[in-house]
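Here chain A shows up in two complexes: once beside chain B, once beside chain C.
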Partner chain A sequence: MMKFLFMMIFMIPLCFMKNMFWLVQMMLFFMMFLFMNLNLNIMCFFNMSYMSYCDIISFGLILLSIWICSLMIMASESLFKLNFYFNFFLFNVIFLLIMLYLTFSVLNLLLFYFFFEASLIPTLLLIIGWGYQPERIQAGMYLLFYTLFGSLPLLMGIIYIFNDLNTMTIYFLKFFNMNMYLLYISMIFAFLVKMPMYFVHLWLPKAHVEAPVSGSMILAGIMLKLGGYGLLRVMIFLQEVNLKLNYIWIIISLVGGLFISMKCFCQVDMKSLIAYSSVAHMSMVIGGIMVMNYWGFIGSYILMISHGLCSSGMFCLANINYERLHSRSLYINSGMMNFMPSMSLWWFLLLSSNMAAPPSLNLLGEISLINSLVSWSNISMILLMMISFFSAGYSLYLYSYIQHGKYFQGLYSFYVWFISWVFIIIFALISFKYDNFKGWFYFYLILNKK
Partner chain B sequence: MSGYGFSETDCKIILKQIERRAKFRQEFLKLKSDPCKHSQEAGYVFDPAIQRFLSMKSCQVEYFKPCFRTARFAILTIIVPMCTLGVLIWNDRTEREQKIRRGELRYKDRLFKLA
Partner chain C sequence: MFFFILINNNSNKMFFLFIMFFSTLISISSNSWFGCWIGLEINLLSFIPLISNSKNLLSVETSLKYFLTQSLASINFLFMILIKFSLLKNFNMNNIISIMMNSSLLMKMGSAPFHFWFPNIVEGLSWMNNFMLMTWQKISPMILLSYYFNKNFLIFMIIMNLIIGSLGGLNQTSLRKLLAFSSINNLGWMIFSIMISENLWLFYFLIYSMMIFMMISLFFLMNMYFMNQLFINNMNFFIKLNLLINFLSLGGLPPFMGFMPKWIIIKFLLINKFYFLTFIFMMTSLIIIYYYIRIIYSSFMFNYFKMKWMNLLMKNNMLLINLSSFISISSMILSTFIFM
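Right, the complex of A and B next:
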């Protein structure tokens, strides 16, 4: 595990050398290839050392982090071409990757909290430094203060756990049962804000819309999953009190997910629509984790991975349109199939995955989550049915509005296609489909082992 | 044109509208076909109406003023459905739990045992 940390640290000087933009990006691909070939054991912890470890959850999320970071650099080619502080941008991305890698691999709860918070700084710098509109400053403040407001009780909870149990090692917490309501609220609130759950989701549409393509990709791809990862870890020692209080979070997230899905139909901004759809998907993830059954955990994890890939791809596609048309409005970006018919294939594949159409990994996650939530209560079937229906609805709405029909008459000419974009989209989809087969295979393995 | 059922005043108004529309169309076509304009400067011909609409959508939240009407809407459409569903789910789960404890629901009849 240390070798990857050293590899990332020693990539930092490369960021400031001349003409190293693509080398840094290729090194990240290489690192991902190395990480994939670790001796993965899906049923226990491996590569354990004094400070770090890896299990199937950490492994998948670290892999996703490295992948998304390399795609972020690829998608931000325009910064390199326009010579817009790309050295500092690369340093930002590598620093963010180091923080995310350490967040997912540390054994200590306090260190997890430290890196969880530290990952906000490069994200804020990405939004404020490379964002497009003046509203990005307010969006950055929303992101920062929403997360900080939620995570201060988390810090107090961690310190209380250390005072009480004399340990903060995540691995040992499974032997304890902390049956305290205040501790429970303080531990999970930060992660619910990060996910985000309905009522505390207001930072997400602002941050996603105002962020540049790289910021949107990392926010949708990994930063939301930090909340899910945190919930998966802390639920181990909060099971008893969670079984009493999970009603609140499940109902808020499911009903909220329904309202957010309906709000997607009111959006005129492509990125805003994709951002709200992320909230709807994460609401199902929260429901699956809070239900506290095996299929719920598995489904949440699979949906986190699949949504990370799918949502990042969609933001990438939205940025492709934005770079050419200089607008994210659906009215301007209509009838794109007339100009870029090959792009409509990618839009369709990613939006069909977003609506959990087969054979996407999203389908596997949603099936597992639906099973787990319906096993918890039959009445949740109504909400899940409506969320899934509206998810298909707004995905098709976005696709048909952008691709079909007449194009906006006032468009100026633009370059249709850069070859590098082909690679980004292909890589996003290949990883998605590869994870899909891997996901179904692991699902089969896990069920049989059980 | 007055022979087609329009009065003189209506005819004048319609002709002025046609003239204005033709003038705007010429201006639009001139801007659109300007060879010096390309997507590096701007992606589309600037339309004040579209800009006003997009600015309105992005600043909508700042003009929101909480009042009795909006609070009533929020409570009736968000809080009440959540509480109603909460009560229904609580009752459903409690009843199932009681049935299991009383032995009315046998183990082999329970659904989602292995979930």
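Right, the complex of A and C next:
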């Protein structure tokens, strides 16, 4: 694992050279393909070196984060064209990637906390530094203080665990059972805020609306998954107390997911619609993690990966429209099928995978999550049904508003297509197909081994 | 360079500066309470000439206020050591006497319930004098505090420090007052650390003074005293970045150096089972981060509506500051690699 870390660290000087924008991006792609071919062991951790290791959960999430980071650079090409501190932007992305990489791969709970928090700073810089409106300060403060409020007790919890067990190695935590309520709350609350759970989700739509495209992509793609990853890691030694208290989180997140899905229908801003939809999807992930059965575990993992791909893709598409029309309002963006017919295919593919239509990885995840939650309680069927239905509903709502209908009459001039977007779309396609096949394949493997 | 800034290019002040350093050493190394008191008095009398500045009208008032509060505290201290000498045997503890002694020392260092002089005096001092007031002047009272303290009283004072330091800075616009309140908050951490061990205190104190030195020297070089000056000056990008990193570091956010002392103190708090106190420590540091971020709004936003006519003609040639902010970024990460 050190080799990738060093590769990223030595990419930092490259960020500060002139005209190295695309080179950095290509290096990230290259690194992602190197990482993809890492020797993969399904059942155990592997590639342990120095202080980091990798198991199947970390592997997927690291792969996702390298991938999203390189796509982020690609999508914010306008920074390079406008010369808007793009050197520092590259540095920021690489720094963020290093922090994310270490968060997903470190062996030690305290180091996990450290890098978990450290990934917040570059994200904050992305939002406040490269955002558009003055309201981005408020959004950044919401982001910072919601997450810090949750994660400072997490530090207390981690140090308490160290004092109690004399180990902070994540791998060894499975031999312990900590049956304490306050510890439980302090350990999971940070992750629930990060996910975000229904009551503490307010920072997410705000941050998404104010963030530049790269900030939105990393937020939806990776930041939310940090919470899921943390929950998957800490659940293992909190099993007994979680069995007593999990109904709270499941009920809050499922009912909240329903409310949020309905709220999606009231949105007129593309980005905030996508942001709310990701809150709704993450609510199912929380449910799946909290019921703590095998379906839930696999399903939440798969839905995290697939949601990271498809929601960041949707944010990228929303930004393409925004750069053309300088508005994210659904009324102004309507009828885009007339102008960008080939873009409407991408909107269709990404939205169909957002609503978990058949060929997508989201379907796999949602099937597993529905299985797990129904096995937990039959009553949750009603909520799950409504959430699934509404997710199809708001995806269709977004699609039909943007693509169909009359276009905005006030459009004066409009340029359609850059060659670089073709590349983005092609890469997105590759990842989409590749991840689908690979995901289903792994799923098959895991189930068979079990 | 630092000394010349400190003494304002006035060689007479050099004398008082060295006396000041010397007096602190007297008081922390003397083996009788009376010697400690003498050191404190010399310290007071040598700091007052350093305050005086013919260009600043406030400096006379400031030195008077400083003299009054400090001498009040010294008199109390003297009175209490005499009472202790006459009433108690050598190693006896007495609640009332220890509380009185501690409170006189707390007043000397500007700790919370006796802090009212501190933000006022800070307003009248130059940046470098502020630096001395916030760091060096706290050494001797704090070391003396560690000799003879009342634990419950000090824990109560720590909570007061944390809360007042964090809430007091919320509505301020003067950078000096903000740093004063942040130093009151940090005093809570330092008093706790000196209750645990002197090495821990030294660690916290050194890192805190280093961070505050970076900020103060930056503000000193840019001539900034109020928050709106940060917005109307057209700052270099790297200066903005330094400001940003140093403030986040002082706030104790993880990838920066300032996290390390806070983390270690939290560790000691939890080893000693101060769970509720830890919670207060953390939540007040959240508020502290809030007002630090208010200071660095202008550096967070890379573009905002600037008034173009206030160009600050300062190149980024401050090797010292760049170096220190580099330390601030990297030392934490490097140290994690070392300790693993």
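In the analysis below, the second predicted complex is superposed on the first by the 449 of 450 C-alpha atoms of A that agree within 3 Å, B and C clash if a C-alpha of one lies under 4 Å from a C-alpha of the other, contacts with A are read in each partner's own complex, and residues count from 1 in each chain.
Just so we're on the same page, a residue touches a chain if its C-beta (ideal position, glycine included) is under 8 Å from a C-beta of that chain, and two chains touch if they have at least 3 such contacts.
Computed from a predicted model, the values in this text were never measured in an experiment.
In the overlay built on the shared chain, the residue A:G129 is in contact with chain C alone; chain B does not reach it.
Of the two partner chains, neither chain B nor chain C is touched by A:Y146.
In the superposition on chain A, A:L111 makes contact with chain C only, not with chain B.
Legend: residue contacts after superposition of the two complexes on their common chain; A:F408 is shown touching chain B, with no touch to chain C. Of the two partner chains placed by superposition, A:F189 touches none, neither chain B nor chain C. Applying the stated contact rule after C-alpha superposition, one finds that A:Y101 touches neither chain B nor chain C. On chain A, the surface touched by chain B in one complex and the surface touched by chain C in the other have no residue in common.
Taken together, the chain A residues at the contact with chain B in this complex read 135, 247-248, 251-252, 254-255, 259, 268-269, 293-296, 324-327, 329, 331-332, 371-372, 374-380, 383, 408-415, 450. Residues of chain A touching chain C in their complex: 50-51, 84-85, 88, 99, 108, 111, 113-115, 117-118, 120-121, 124-125, 128-130, 134, 136-137, 140-141, 144-145, 148-149, 152-153, 155-156, 159-160, 162-163.
On the side of chain C, the complex with chain A involves touching residues 237, 241, 248, 253-255, 259, 263, 266-267, 270-271, 275, 278-279, 282-283, 285-286, 289-290, 293, 297, 300-304, 336-337, 340. Against chain A, the residues of chain B that register as touching in their complex are 28, 31-32, 37-39, 41-45, 47, 50, 53-54, 57-58, 78, 81-82, 85-86, 88-90, 92-93, 111-112, 114-115.
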